[in-house]
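Quick one: the structure is below, questions incoming.
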Amino acid sequence: MAVLEKPVAAPRARPREQSPFARIAGDFAQSPVAIAGLVVIVVIILLAVTASLIAPQNPYDLAQLDIMDGRLPPGSSSADGLTFWLGTDDQGRDMLSGILYGLRISLIVGAGSALVAGLVGTSLGLTAAYAGGRVEAAIMRLVDLQLSFPAILVALMILAALGKGVVNVMLALVIVEWASYARTARGAALAERAREYIEAAECLALPKWRVVFRHLLPNCLPPLIVIGTIQVARAIALEATLSFLGLGVPITEPSLGLLIANGYQYMLSGKYWISFYPGIALLVTIMAINLVGDQLRDVLNPRLQR
Amino acid sequence: MLLWFLRRLLQAMFVMLAMSLIVFIGLHAIGNPVDILISPEADQAERARIITQLGFDKPLWQQYAYFLQGALHGDLGRSFVFNEPALQLILQRMPATLELAVTAVLLSVLVGLPLGLFAGLYPNSFAGRAVMAGSILGFSLPGFWVGLMLIMVFAVSLGWLPSSGRGTTAALFGVQWSFLTRDGLAHLVLPALNLSLFNISLVLRLARAGVRETMPLDYIRFARAKGLSPTRVVFVHVLRNILIPVVTVVGLELGSTIAFSVVTESVFAWPGMGKLIIDSINVLDRPVIVAYLMIVVVMFVTINLVVDLLYTALDPRVRLGGRA
Amino acid sequence: MRFKGVAIGSLLMAAVPVAASNALAQNVTVAVGAAVGSIDPHYYTLTPNTSLDANVFERLVETDAQARPMPGLATSWKLVDDRTWELKLRDASFHDGTPFTAEDVAYTIARVPTVVNSPGSFAIYTRPITGVEIVDAHTIRLSTANVYPLLPTDLAQLFIIPHKLGANPTTEDFNSGKNAIGTGPYRFVSYKPGDRIELERNDGYWGTKPAWQHITYRMITNDAARTAAMLSGDVAMIDQVPTADIARLRADKGVSLWETVSLRIIYLALDQGRDGPTPFVTGPNGEILAKNPLKDLRVRQALSIAINRPAIVQRVMEGAAIPSAQFLPPGSFSYVPGLVPPPTDIAKAKALLAAAGFPNGLKITLHGSNDRYLNDAKIVQAIGQMWTRIGVQTAVETQPWSSYAGHATKLEYSVFLQGWSISSGEASNPLRALVATFDAAKGRGTVNRGRYSNPALDSLIDKAVSTADDGAREALLIQATRMAMDDVAIIPLHNQKNTWATRAGFTYVPRADEETRAYDLRPAN
């Protein structure tokens, strides 16, 4: 994920008449579904960025909320004439506004933590596989250590040490997630390391970093991108789970996940809208990210014939 | 090989030591267990007595030293909440979690692998695309939400399956298991499904990616050119090649599934270790948390060991010990 | 307290007809929302534990559904002199057939302080007892160092175990069932930690015959899962019905709801210990204030009358609470008649703030837990809304109890949500614990985390707890409660309601003390 811009130098890559970027764009555009996904992502990002302009209410401002408007079904109106198209949550927060603002937080948290975790994890995983020996042992045991650590405990420790906040939640997610990338990157790299082209590159006495990042990495990318696109989704869902456990973002600044977690307790009582609409928003976002991710993975895969 | 094995063992001990140290410091940072555990009715004198009795008046390093001393003798301490040895508490609940996790992982391979093969072999068919799109459902919705939906549909509305709990168990090797009785199995279905949804998607996607990547390779083309039946090509040649990432991930996920089935266990009131750990974290029951994490570390180290061994078995290109 | 020791104890239960002989209905599953941690009745003073224990063991003094003392294993008790209580014991026998005698009482009182590693010892209830004298098999005398009118209340916390368990019975042996021998209506069969406890009817029970042959006591801690178990018919009864589901269950013809006002008060604590700046209250632009504004009565009053308690009860608690202006719910011993919540008055609150020197309001961070009390995180958000309307810009921060409790104990917060369950059912307990001056030597102000201090109030409380006469003591407690509330020592919000749901065809006696007892579950006729 981190290296989307340089997917070059694989042995069986086709002749380079065009710039790699143009090639990728061209290949990407072959799938209408992926284009649709991309459009949806752009729209979602636009909505998230302009949330404060288009949302009927600022859902983070307690002064604009009134519990007397709480749990109203979609289409109801408040005392001062505001229509809640998607209903309200228990605090009288307009769900539509909450979703628009929540999208922003969820995207930042999900994509941000997955990106950082991906960078850190992949680098460490590749290093482990390529360097071997003590370095590998140290890194992989660190992975074991991290994988054994429950997300909730990590989040609780960070909460205790640094307090509540969106950045702290991201930090917790990065700490929880980097290990899966490292494990996968190492697994893929171990298989690749033994291949002829790596040996060839080594015979040419190329610098080590060059072998790792220009030769090893591109060939390890497909499983990493699978993990990566899934991890964005997983990060958002994990943030929701942390919110469910009371460890997520601040309650007065709900993310999509927190909105869903809040609505959870109303599911059995028929007030579906409190968790249903944020759920739909989350689903659409993640669907779009994955459609784009799937196509990118195919496009970037040096061994895949199209 | 033996040397490699011994080295791994030594490393594992270091990891356990590091883990226990992190937990001690981390829990100390979160809060004082006495503030959470102590009865609100207790007065200051009683509070001081309990602090002394549980050893919280000592500096942290001393508490840690006591713990290490006990740990060397196989004593990981007694739970503050249950007043039973922490290790025993965890082992008591392990079978429930094991059977849930193994069922979930089995489900994810049994469902995910064939669907992934299919989607990889026919990537442009409608069904292939539908499978891929459907798999997104598996990991985009938070587990607690899906869990409750499953309960609402299958237990409350349709009444086909029980809503929660472990049901009737039967003994095998002196341990109680649910999967041996009809009632137990019925109780197992929903939580296992809930827990496996993410892994189904993951296995499915990995399998598909693997197939897509393997099919154009020379040896597959050669095999096809040789006139081998497509079934044989797929099930022998392709499958073998895509198993590596699948094995890695399934191995890893078995570990995390066992360790952190926290949410599923709490939504389905499944009396396993996941539920124990979350309850223990909530009250900072340190002996249980430490003991639990030690067990999980051992488990992860073992799983990784097995995964590494499987690598060599499945892919002769991988050499263990490497250039060390 | 007012009770003079007449044996009208089982009146409540006796009114309910004996179980139907339907064999199928003999097995009943009850789901509770809090996990039972130990079967040992003296290990941990935690409601989920005592709730289960109350099915198996019995106390000398029991409490009725409204937490008033009534005869248990003791049929009567009286003061023989200032400091000595004499109790007459009931003819009852333990589940293994051995008769219950005074020796078991003495044994229990001796055992309680010896339980090791207990994070919440029952020793706080035996400590006042300085002497035990067995008069005969069915008479025992307990003496105290000082005049101690609350002894019967303390005895209402102690489960009696048989003396034949011998020296140092272990908690493990209780959990395995070996030691789990009581006199209660149900016998202990087995315990699967985190899952269930199985109970059988005690056919030799001295009171009204228990209704069910077999009870499965399941632990379903997830709220939604518990409601789902009720809706799907997997269980006959659940406790701690989530407030969000009350409306739906009430509308369901197959379900009956049973509720009562509990002894749990939810309130805001206010930092009054610091004279200088308090960490989470600043001027309207974030400027640090030289003096702690919460020390000003007018500020505390303004914060209190800005809160629309009925709105919180109605919208946030969905009716599962009553608005409160004091510790106890109406009908309790030492409830202050006429002390009701002030009407919400935004104009007056603003005026009070202005008079206190804050015409432009204040900036406050309100802290709360998010997994401890019913809807705690929602309550603080709602209060945040209400305070914003009087010009107090309120930020809300919530944390899990595991992290929150430590911060609150270390007095790091300025304004924060707390709850208190009044186990004794009368006002001396919250007065001493919540608003009396913090004093380790005297064991006062143990959870006074706002460090409110009022010497006049302290002496009034001291006087009340050493007054043996019930009437005089109640008058003093009422006077003390009024004094604390007039001074806004804390801001009471509401008393929670406890709610149980049963399938139709059952009756249940809801208890103010939150205990879930299978004995009180009966078939409806």
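In this document, chain identifiers A, B and C correspond to the written order of the chains, with residue numbering beginning at 1 in each.
Just so it is clear, a contact is a pair of C-beta atoms (placed from the backbone, for glycine too) under 8 Å apart; a residue touches a chain by one contact, two chains touch by 3 or more.
Because the structure is predicted, anything quoted here is derived from the model rather than measured.
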item	value
Arrangement of touching chains [line / ring / star / complete / other]	complete
Greatest separation from subunit A - chain, by CA centre	C
More contacts between chains, B-C or A-C	B-C
Centroid spacing, where centroids are CA-atom means, of subunit A and subunit B in whole angstrom	22
Centroid distance [mean C-alpha coordinates] between subunit C and subunit A, Å	45
Inter-centroid spacing, subunit C versus subunit B (mean Cα positions, whole Å)	38
Residue numbers of subunit C (touch at least two other chains)	224, 228, 231, 371, 400, 402-403
Of all residues in subunit B, the ones touching two or more other chains	30-31, 148, 152, 156, 281
Subunit A, residues touching no fewer than two other chains	156, 159-160, 245, 264, 267-268
Interfacial residue positions of subunit B with respect to subunit A in the complex	7, 11-12, 14-15, 18-19, 22-23, 26, 29-31, 129, 132-133, 136-137, 139-145, 148-149, 152, 156, 198, 201-202, 205-206, 209, 212-213, 216-217, 244-245, 248-249, 252, 255-256, 259-260, 262-263, 277-278, 281, 289, 293, 296-297, 299-301, 304, 307, 311, 315, 317-319, 322-324
Residue numbers on subunit C that touch subunit A, as the complex places them	223-224, 227-228, 231, 242, 244-245, 247-248, 311-312, 315-316, 370-371, 377-378, 381-382, 384-385, 388-389, 394-400, 402-403
Contact set on subunit C toward subunit B in their complex	35, 37-38, 40, 43-46, 116-121, 123-124, 171-172, 175, 192-196, 218-222, 224-225, 228-229, 231-234, 371, 400-403, 405-409, 420-421, 423, 433, 440, 443-444, 446-447
Residues of subunit A defined as touching subunit C within the complex	62-63, 65-68, 70-71, 90-92, 156, 159-160, 164, 245-247, 250-252, 264-271
Subunit A residues touching subunit B - in the complex, by the definition given at the top	33, 132-134, 136-137, 140-141, 143-145, 147-153, 156-157, 159-161, 180, 183-184, 187-188, 190-191, 194-195, 222-223, 226, 230, 233-234, 236-237, 240-241, 244-245, 257, 260-261, 264, 267-268, 275, 279, 282-283, 286-287, 290-291, 294, 297-298, 301, 303-305
